[in-house]
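In what follows, a single structure is set out as structure tokens and then discussed.
In order of appearance the chains are A, B, C, D, E and F, and numbering begins at 1 in each one.
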Amino acid sequence: MAVEKLKTGIMGLDKILKGGLRRNSSILITGAPGTGKTIMALQFVYYGAKDYNENGLFISIEESLDDIRDFAENLGMNIREMEKKGKIFLFSKPITTLSGGLASIKGLLDLIKNKKIRRVALDSIIFFEYLYPKINHNIMEYRRQVLIFMQKMKKAGVTFISTSERKITDIDRLEYDMMDFVFEGFIILSRVRKGSYFERVLTVEKGGGRKSSQ
Amino acid sequence: MAVEKLKTGIMGLDKILKGGLRRNSSILITGAPGTGKTIMALQFVYYGAKDYNENGLFISIEESLDDIRDFAENLGMNIREMEKKGKIFLFSKPITTLSGGLASIKGLLDLIKNKKIRRVALDSIIFFEYLYPKINHNIMEYRRQVLIFMQKMKKAGVTFISTSERKITDIDRLEYDMMDFVFEGFIILSRVRKGSYFERVLTVEKGGGRKSSQ
Amino acid sequence: MAVEKLKTGIMGLDKILKGGLRRNSSILITGAPGTGKTIMALQFVYYGAKDYNENGLFISIEESLDDIRDFAENLGMNIREMEKKGKIFLFSKPITTLSGGLASIKGLLDLIKNKKIRRVALDSIIFFEYLYPKINHNIMEYRRQVLIFMQKMKKAGVTFISTSERKITDIDRLEYDMMDFVFEGFIILSRVRKGSYFERVLTVEKGGGRKSSQ
Amino acid sequence: MAVEKLKTGIMGLDKILKGGLRRNSSILITGAPGTGKTIMALQFVYYGAKDYNENGLFISIEESLDDIRDFAENLGMNIREMEKKGKIFLFSKPITTLSGGLASIKGLLDLIKNKKIRRVALDSIIFFEYLYPKINHNIMEYRRQVLIFMQKMKKAGVTFISTSERKITDIDRLEYDMMDFVFEGFIILSRVRKGSYFERVLTVEKGGGRKSSQ
Amino acid sequence: MAVEKLKTGIMGLDKILKGGLRRNSSILITGAPGTGKTIMALQFVYYGAKDYNENGLFISIEESLDDIRDFAENLGMNIREMEKKGKIFLFSKPITTLSGGLASIKGLLDLIKNKKIRRVALDSIIFFEYLYPKINHNIMEYRRQVLIFMQKMKKAGVTFISTSERKITDIDRLEYDMMDFVFEGFIILSRVRKGSYFERVLTVEKGGGRKSSQ
Amino acid sequence: MAVEKLKTGIMGLDKILKGGLRRNSSILITGAPGTGKTIMALQFVYYGAKDYNENGLFISIEESLDDIRDFAENLGMNIREMEKKGKIFLFSKPITTLSGGLASIKGLLDLIKNKKIRRVALDSIIFFEYLYPKINHNIMEYRRQVLIFMQKMKKAGVTFISTSERKITDIDRLEYDMMDFVFEGFIILSRVRKGSYFERVLTVEKGGGRKSSQ
């Protein structure tokens, strides 16, 4: 059985990924502040809808949907147009009410099925820390919940991307996070000083494409 | 929709920021002791009022307002004059009564609306640690409260700056803080040894300008 | 009494191991994300069944068995065929019900005996952290449970391999984990930068072959 | 309003401080064991009384007043004489009874007012850790109490110096402490190896002179 | 009173130790996985019995006695023969019942006296962590229990060796453990890279020979 | 008032200390295992009694008094003879009963007064961790108790030395301990590699001689 590759549509990335992401897999995009994690998550959903006719869902946790729409537009992605065409869906919950576990987002799965969503981007995985505020005392329960969510995404037939915050991206001091082991692929975004300016660098650490469906 | 830039009026900074800060965004100014965080926060409010006709609010947490006024004056910023003209407002609460959550500063939002405030500077974000004394045990609640405050600022139409304390600013040992991910832009102030003296250095790590309105 | 060596069948590894693993021993395969831990665990079971006529069991904790089957197939290992021949067995438990200690996997030992299993691969040792969610507060109980499991494997006459997650594999910063002391052998998988690309590196740290039967 | 500078009277220091400390400010003197923190605190009080006619108060927490007197005398500062003249006051509390918060030192403020004290030296800030023994669990309460004490000093018109213990002073490994952000100025005392001997080094990290009156 | 030296019988070691270990002392052998700690503990007991006519006791905590016997045999030490001659004794307790403090091994001391044991090797000191599972919360109780055990060994006239696990042995990053201070002597086993292979290195850090009898 | 110096009698040390220790002061001797902390503490008491006619007390916490006597004798110090002459006293408590605070050693002060003790050596400061087993949760209480003990020593007119364990002595990684700030002087014993052997090094970090009488 050959591996079906899904083109991200993000310039340069598909080449690095040797054709794209594995369809139906889960990918973590991690990086320091300002490295472009949200941009990549948006591009994944936008170009999927525009160039590959795949409906997409973008879940924003800490930013308003209008900010996301404006931000994308400034980068040349007309999300609003795609929303009108029913090809992209944006989802958010007021941060004041974010708690109580996965039950509070039950509607999401129905949306994915009814709207034939093929790509989901979660910005960011901090989402699960709001839902499970005591995770420091029960790290395994947190891991379990992320895995269950990923399994639901996989079962629903979507390819799933999530962003995550990383406090150190310097390759010489890098320490892997628990989540880096849980996702099937993961991409590190960083900046490397080249003389007097910083250059953006993208590292694909794992791209094989397995994990977490059941 | 083009991004509207807001000139800080701070010498040199607008050039580095390619025209200024994004209007209505939130910026974190972080640095070691003595790197000039309070100065920059004051300049942001002062030059906004003086050169760009934008009313400003400066919130001081651990210093008396008279100390702030004297300090600014010594740097050539006549805050008192601007206060008389009704263009700058200073706000403080006795540290002895600082607790009990955001409710204790409810008056702030009315002030912002009534006085047509366009720029708010908070010195410093330690403010939220006084309001939520148990944050070590519930880091997500602390994050949530800062975000809610930022959303209120954004809704009120202000551009919001906050200072924050940073124990290490050495670029080779730098580790990002949670707050660096929450604000839309963030600026690091530091000193770098150049032979026998130290030179002040300003690094704009993130300036895109999104996050936290709802 | 001469040591009986068991050929892993993995290209190159048997040479490094000077003939193979010690039969009936326990080996830990550890590494960063994407270093090929699951691949090695699968090869151990697959080539044992195919080339050395030893029945094998592969226990997957966080990945679905179908994902494992597809993944192996893409690497040229036809697990499904071996399953049909009754030479390889795959085992999994829904992550939602993973808790309650070793009792919940009692059926495993019967399977091993009835099916004459000689090789068992556990992917990964995180398994025990799901079973004993409070291990941070009782690290010795966690150690004890892993040892008891290893003793049962040894008593059943199997050679046992487990994968484990390692957050740092850089040889200059390496710190041994508790589990590295518990297994009889352990192998570190890592990547080392060679100019512009990364080379996979395998280090056999301990291969003598003792521990944990009783 | 021009900044009034207060000469410390300590040889060399006033030059480094460009005329002295800002009158009515708060300064932290920090360093490793044996770097001369207590000496500098004593000199500040002694030369203020002797050469600038400013009454001074020295608060000792862990050393007996007689030890302090002898120690100063060996360094050529006749504290006893100044005490007789009513220009220097020494204060101490038995360590066995040191607890119960600021209430236990209420008499201090009366002393400062009645004796027209202009300079206060606290040796050391560990004082507040005795008063608030549970600070590890409530770091913000500790910060608040130090600030309240500093505000009382400022209101009373005194210039305030405190010593603090620092476990690492090596400039390449230095990490700022919370207290470094709270005081208006802070001075690091350290030793730097110069070939075969150590040279004392004084670094003024922050000397602007604001913070904490109310 | 001259110090009586006890030859270990381990090739090369007696020379490094300038004649051997101090009789009736306690020695800690520490190292990373696979550095040969168990081998050295076995050699100590085996050569004592074989070459110096001293009865020995080997206490195994996590490995079965048969594994120990086989392992020794592969290294050329015929433990079984020595057991038959009543010169070496092996002791183990099922790990499932290992708890409840020193009372659970009361029989050991009788064995030592009755069998005229002169050398005892404990593999490893993790033993005490099983007996006192809450040591993280009461580190001094753990220290006390190890000392009491060592005092009993000393009173019984035996020379006592224990192995211990060490997560870092790199000399430049080494940090001493509490146990390194408690034993009278301690030996670090490590590997140092010499070009393309690793060389085993033995460092005797402390060999004076005092502590813990009462 | 001139500082009275007390000759330690330890070869070389008095020269480094420019005449000796300050009489009636408190000194901490700290170092890694095997650096000679106990030897220096013994020499301080022994040569004081033998060469300077000062009665001494040696307090041993984890080693038996006979071990201490033998150990000293091997180093050429005939403690037993000095004990017979009533010039040196050894004190110990069974480790099994070591708890309950300073009350449990009340007899010590009487001994010091009755026997005209001028030098006291405590081996080691771990003593206070046995007496206050919960110090991790109340570090200030531990500090207070050590200071009270030091004040009692000072009041009794003795010069007081204590040994302490230090896990890192490498000068480039050294971090000061709380106790380094509490004692009036402190001496670090370490080993520095000189080509193929280690050289013992003694560093006097603080020798001024103040603190803790009341």
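We adopt the following convention: a residue touches a chain if its C-beta (ideal position, glycine included) is under 8 Å from a C-beta of that chain, and two chains touch if they have at least 3 such contacts.
The structure displayed is predicted, hence computed values, not measured ones.
A.B. asks: Counting one step for each move to a touching chain, how far apart are subunit D and subunit E?
C.D. replies: The fewest steps needed to get from subunit D to subunit E is 2.
A.B. asks: Kindly list the shared contact partners of subunit C and subunit D, in label order.
C.D. replies: Chains in contact with subunit C as well as subunit D: not a single one.
A.B. asks: Suppose a student superposes the Cα atoms of subunit A on subunit C; what rotation angle should they report, nearest 5 degrees?
C.D. replies: Rotation angle, to the nearest 5: 60 degrees.
A.B. asks: At the place where copies subunit E and subunit F touch, is the share of residue numbers found on both sides over half (same) or under half (different)?
C.D. replies: different
A.B. asks: Determine the centre-to-centre distance between subunit C and subunit E, using the mean Cα coordinates as centres, and give it in whole Å.
C.D. replies: Spacing between the chain centres: roughly 30 Å.
A.B. asks: Using Cα averages as centroids, what's the distance between subunit A and subunit D in whole Å?
C.D. replies: From the centre of subunit A to the centre of subunit D is 53 Å.
A.B. asks: Counting only residues that touch at least 2 other chains, which ones in subunit A make the list?
C.D. replies: Correct list: empty.
A.B. asks: Based on which chains touch which, is the overall arrangement a line, ring, star, complete graph, or other?
C.D. replies: Per interface graph, the chains form a ring.
A.B. asks: Head round the ring from subunit A, going the subunit C way, and note every chain as it comes up.
C.D. replies: A, C, E, F, D, B
A.B. asks: If you look only at subunit D, which of its residues touch subunit F in the complex?
C.D. replies: Listed in rising order, the residues are 32-34, 38, 62-64, 66-68, 70-71, 73-74, 92, 94-96, 98, 126, 129-130, 133, 136, 165-168.
A.B. asks: In their complex, what parts of subunit B are in touch with subunit A?
C.D. replies: 1-3, 138-141, 143-144, 147-148, 151, 154, 175-178, 180-182, 186, 205-208, 210-214
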